[in-house]
Amino acid sequence: MFPLLPLLPLLLLPSPSSAADFCVADFSGPTSPLGFSCKKESAVTASEFVFSGLGAAGNTNNIIKAAVTPAFAGQFAAVNGLGISAARLDLAPGGVVPLHTHPAASELLVVTQGVISAGFISSANTPYTATLRKGDAMVFPQGLLHYQVNAGGITAVAIVSFSSPSPGLQITDFALFANNLSTPLIQKVTFLDAEQILKLKKVLGGSG
Amino acid sequence: MFPLLPLLPLLLLPSPSSAADFCVADFSGPTSPLGFSCKKESAVTASEFVFSGLGAAGNTNNIIKAAVTPAFAGQFAAVNGLGISAARLDLAPGGVVPLHTHPAASELLVVTQGVISAGFISSANTPYTATLRKGDAMVFPQGLLHYQVNAGGITAVAIVSFSSPSPGLQITDFALFANNLSTPLIQKVTFLDAEQILKLKKVLGGSG
Amino acid sequence: MFPLLPLLPLLLLPSPSSAADFCVADFSGPTSPLGFSCKKESAVTASEFVFSGLGAAGNTNNIIKAAVTPAFAGQFAAVNGLGISAARLDLAPGGVVPLHTHPAASELLVVTQGVISAGFISSANTPYTATLRKGDAMVFPQGLLHYQVNAGGITAVAIVSFSSPSPGLQITDFALFANNLSTPLIQKVTFLDAEQILKLKKVLGGSG
Amino acid sequence: MFPLLPLLPLLLLPSPSSAADFCVADFSGPTSPLGFSCKKESAVTASEFVFSGLGAAGNTNNIIKAAVTPAFAGQFAAVNGLGISAARLDLAPGGVVPLHTHPAASELLVVTQGVISAGFISSANTPYTATLRKGDAMVFPQGLLHYQVNAGGITAVAIVSFSSPSPGLQITDFALFANNLSTPLIQKVTFLDAEQILKLKKVLGGSG
Amino acid sequence: MFPLLPLLPLLLLPSPSSAADFCVADFSGPTSPLGFSCKKESAVTASEFVFSGLGAAGNTNNIIKAAVTPAFAGQFAAVNGLGISAARLDLAPGGVVPLHTHPAASELLVVTQGVISAGFISSANTPYTATLRKGDAMVFPQGLLHYQVNAGGITAVAIVSFSSPSPGLQITDFALFANNLSTPLIQKVTFLDAEQILKLKKVLGGSG
Amino acid sequence: MFPLLPLLPLLLLPSPSSAADFCVADFSGPTSPLGFSCKKESAVTASEFVFSGLGAAGNTNNIIKAAVTPAFAGQFAAVNGLGISAARLDLAPGGVVPLHTHPAASELLVVTQGVISAGFISSANTPYTATLRKGDAMVFPQGLLHYQVNAGGITAVAIVSFSSPSPGLQITDFALFANNLSTPLIQKVTFLDAEQILKLKKVLGGSG
């Protein structure tokens, strides 16, 4: 009844495509300040929009009894350019995600199991802390120091999302004690005692 | 030992504060293109960064056997200005979130219970579909039509996050059939038959 | 009189150039989340900033009696990175641009000939409709469903501009009926009857 | 058949609304760096999304034989926050839009009548010029000096759009000669002769 | 000779003004996620674009022998909305700006007197350090931990600029030890010993 | 005491890296609308975050007795993608930076030696001028015409920063008189007399 072909040109805009819909990361291409290069749309399959890594518990058999499983652009190529990413957080009893920041994103955490004590500290040095139970959400504004601690008797699990495909993760202790920054310099810029610094460098693999 | 007071001015920058850390929504103030006005920082308490509404199952006793519980800026004032928000999705057996878009955000869904069949359609009219189990994540690029359907025998639950504090939600059926757009106009712009339109208008409360 | 050469270094900043002025698309290079790669400035000519395709009427000899002639970044390389693009809309008598969205841009339409009935529907399902005559402009906010219909006896023409070089275009009918999404799934996510779906799939070339 | 009411809560998200869809300017409220305050959505009518001022020819009975009729956020409240605006340009025979910039937007011009000679100059001082006929489009990158001149025997008309609701408009001659900047200062920063400056100050209403 | 009045309407666009040029902060109005409200343009004077506070040495008579004099939007109203701000840094001999971040901005430091040893640590825990002499510039990427230390025998001075009018400032030591976060919690999230924590809380005025 | 290895996976996120921390320009790669490609993080050294070119006086032995030494992304690769850049300004006695704009950035100037008279002109043609002494700062909003003139008896020096890594620089006189734009066209779009134009073309190297 209706002639079909004359309609198609309306939709099939002349290539090249414009990357307006999505930009699944092509890790073999150059990166730009806004993220990875885009795979050609014709090479993108539905499965690339799915990330299954958040289904399994992370390995919490470590000193912090915690695991963060990221689904950032580096692991979940489809979020590249879309302004969002996620991670799974596992906290065994006694577990802790030490004080850290995400330099490039705000974080929104939703507890799916257990109890988590969490908090962040503002630029005015005011702490904002809360005890979160299953289903509770908490938001941590961009770039501010924050932490999560298991506050219950069982493993706690949370789904966290970020306002960037590449939020970054800077754990204060690792920034200070897991590299070769000299102990006198660390003393100078943190007021910590040398013994304290050397003790933590030993734990975290730092030298100097 | 150390003189304390001379150090404080370094931190206590002269007010007024700059809203750089966060901007908890003040719903009584004016809105700007980027969101709600900010509450004064001195009036903000830790509990405002916590949202507990995602802990309880939504009421799925409706025709779509589904419920969306939003934690957008309108409900969760602390996400205002932070580039992120969340929601809980409950899908009873047989439940469906009908075809819809978020005009202002990409969505990242993580299944926390059950099985969900989901998909989106690109500007090139290509469908990208997947079956998601507990722990699976899927990303839906900004502004594109997508849906979620319970694909298992039990209620499915998902935590969804968005790349905007106010992602918007436009359900195609409601946009078409739940208002007074005239049936001839809808026919004209959708190619649907009048009987079909009138049938759905009746279901969804539309007139005309 | 004035010594010329010493002044030149002020202007001729050392290369490489910074792409600050413009970024004419190089379709042979990689794409980033923000658009196409830039041609080298030395290879860009004045004619690349001109697009002549909007001068000729589009072919409206099709089922919707309409034609959209895009000048997006994919067709008009010079708008890449500049936050704007355009298109020409031709609507023969009886013509219609079916319900659609632009996932990545707001649209501003200016009627240059004839009469157009247009409208968009908000997230709150409220329709905003108007009859537009020559010289009238209407703005369609980003990502919302909208349509344009010829409301006069002669061909209507409009110049439309977009707040993105790559606004995207998702026509609801084509997203639903011009691909292989299964009829039961479409029923499920749209409440449409199977007969209606099959009828439109036949018209628009879909299967399943 | 279907129970209607239980479905509605899915759509009718609890107020306050989130300003995600649009932000029609409320000129009585405060302005933010991103634009005007938003009118309450319940007070916004369809007619506010329509601007009729571009339909009538501007008055070109002036020294430049030209008129610019803006539909910026200040005149067309609905474009506030939407990243786009427009204007109509009328150029009588001999008419000119003198050298100017838009500090906050790129411009895309489409000729709808007559012939226009236009050009812009890059940071590298390279001119990019073209002769534009009906239907031709040209893009002027953000912040760069550009001009439009009638290059035909009849009045030329163009529809111009901008990548900002408030593009700004700085005409070089008016910036220099239509205020009280002192003649010696203008000499110093432009190398122009005092006689030339005084002559143009007289024409354009400047003093000093 | 030239008729003046007909030209003026081209320039004097109908008010209200659009805030496109600048948005000098009105501290008495509401704040938005992007910054302070704008003063009316007619009330803005030239002197508001000038900030004289960077001319005088800050008071370094404190435990860190350092002073930061900010010219952020809170102090220098004219930078509101303009994407930039500045500060003066004074480091007496032995002075230090302790480890800190700017949650919302990158920093660019230019030494104007003396010698400064500075560094930042990346998300990968890699330190990037340098010794900076008069005229040397160093950039510190957004949100990353960094420090500055006087590395010469005389007072060092630097002009620092930021990519935001409200960069924020979070000094790690003050975030940890200048408030009432409990010592056991700090132990838990930093691995520091209780004695160390209590010692620094005493110095910096914290409790708990 | 603490087992070290199990902790490391928390930090050492699987490569590829995400470019979240910084994006030092790789001038050999393609450019995107937002800037240069990023060097691989493993190839970036600390010295790349330091720029020493601002330490030496620029050569002011030219007709404007001024020199601008840029540290834009093209010269200082580390600022690429970080939203900031800088430059040094030297103004010998009698020196001037002629009227110019930065199409893509606001500018913040801090005087470090001497006296500078500076000003900008708004879209409303209002001049905002000031006399700046050592330590005074002035901000010039994006895209607006501005100038700097030595207003003292000694060489004046300033550190200027910009809200973009690639602010651009368009000097009005050079845009008009240092290329081959025809004299009649310049007359037409500036109202300047032909003699004046020809005189300045001769000085600045233009033809036509």
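Couple of notes before you dig in:
Here the chain labels run A, B, C, D, E and F in written order, and each chain numbers its own residues starting at 1.
One rule holds for everything that comes next: contacts are C-beta pairs under 8 Å (C-beta built on N, C-alpha and C of every residue); 3 or more make two chains touch, one makes a residue touch a chain.
Each chain and its UniProt protein: A, B, C, D, E, F = Germin-like protein.
Note that the structure is a prediction, hence the values are computed from the model and not measured.
Common neighbours of chain C (Germin-like protein) and chain F (Germin-like protein) (chains touching each): A, D.
Over half of the residue-numbered contact pairs of D-F are shared by just one pair in C-F, A-F or A-E, which is A-E.
The mean-CA centres of chain C (Germin-like protein) and chain E (Germin-like protein) are about 42 angstrom from one another, to the nearest whole unit.
Separation between the centroids of chain A (Germin-like protein) and chain C (Germin-like protein), computed from CA atoms only, is 35 Å.
Among all residues of chain E (Germin-like protein), those that touch two or more other chains are 11, 17, 20-21, 30, 32, 34-36, 103-104, 119, 122-123, 125, 127, 129, 141-142, 144, 164, 168-169, 174, 178, 203. Of all possible chain pairs, the ones that touch are A-B, A-C, A-E, A-F, B-C, B-D, B-E, C-D, C-F, D-E, D-F, E-F.
Contact residues on chain C (Germin-like protein) toward chain D (Germin-like protein) in their complex (touch as defined above): 11-12, 17, 20-22, 41, 45-47, 49-52, 54-56, 71, 76, 78-79, 82-86, 88, 105-108, 110, 112, 119-120, 122-125, 127-130, 132-142, 144, 159, 161-164. Here chain E (Germin-like protein) touches chain A (Germin-like protein) in the complex through residues 96-99, 101-104, 117, 119, 121-123, 125-127, 129, 141-145, 147, 149, 168-170, 172-176, 178-181, 185, 188-193, 196, 199-200, 203, going by the rule given at the top. By the touch rule above, chain E (Germin-like protein) contacts chain B (Germin-like protein) in their complex via residues 27, 30-36, 59, 61-64, 66-68, 70, 72-75, 103-104, 164-169, 171, 174, 178, 203-205.
Those residues of chain A (Germin-like protein) that touch chain C (Germin-like protein) in the shared complex are 1-4, 6-11, 13-21, 23, 26, 29-30, 32, 34-38, 80-81.
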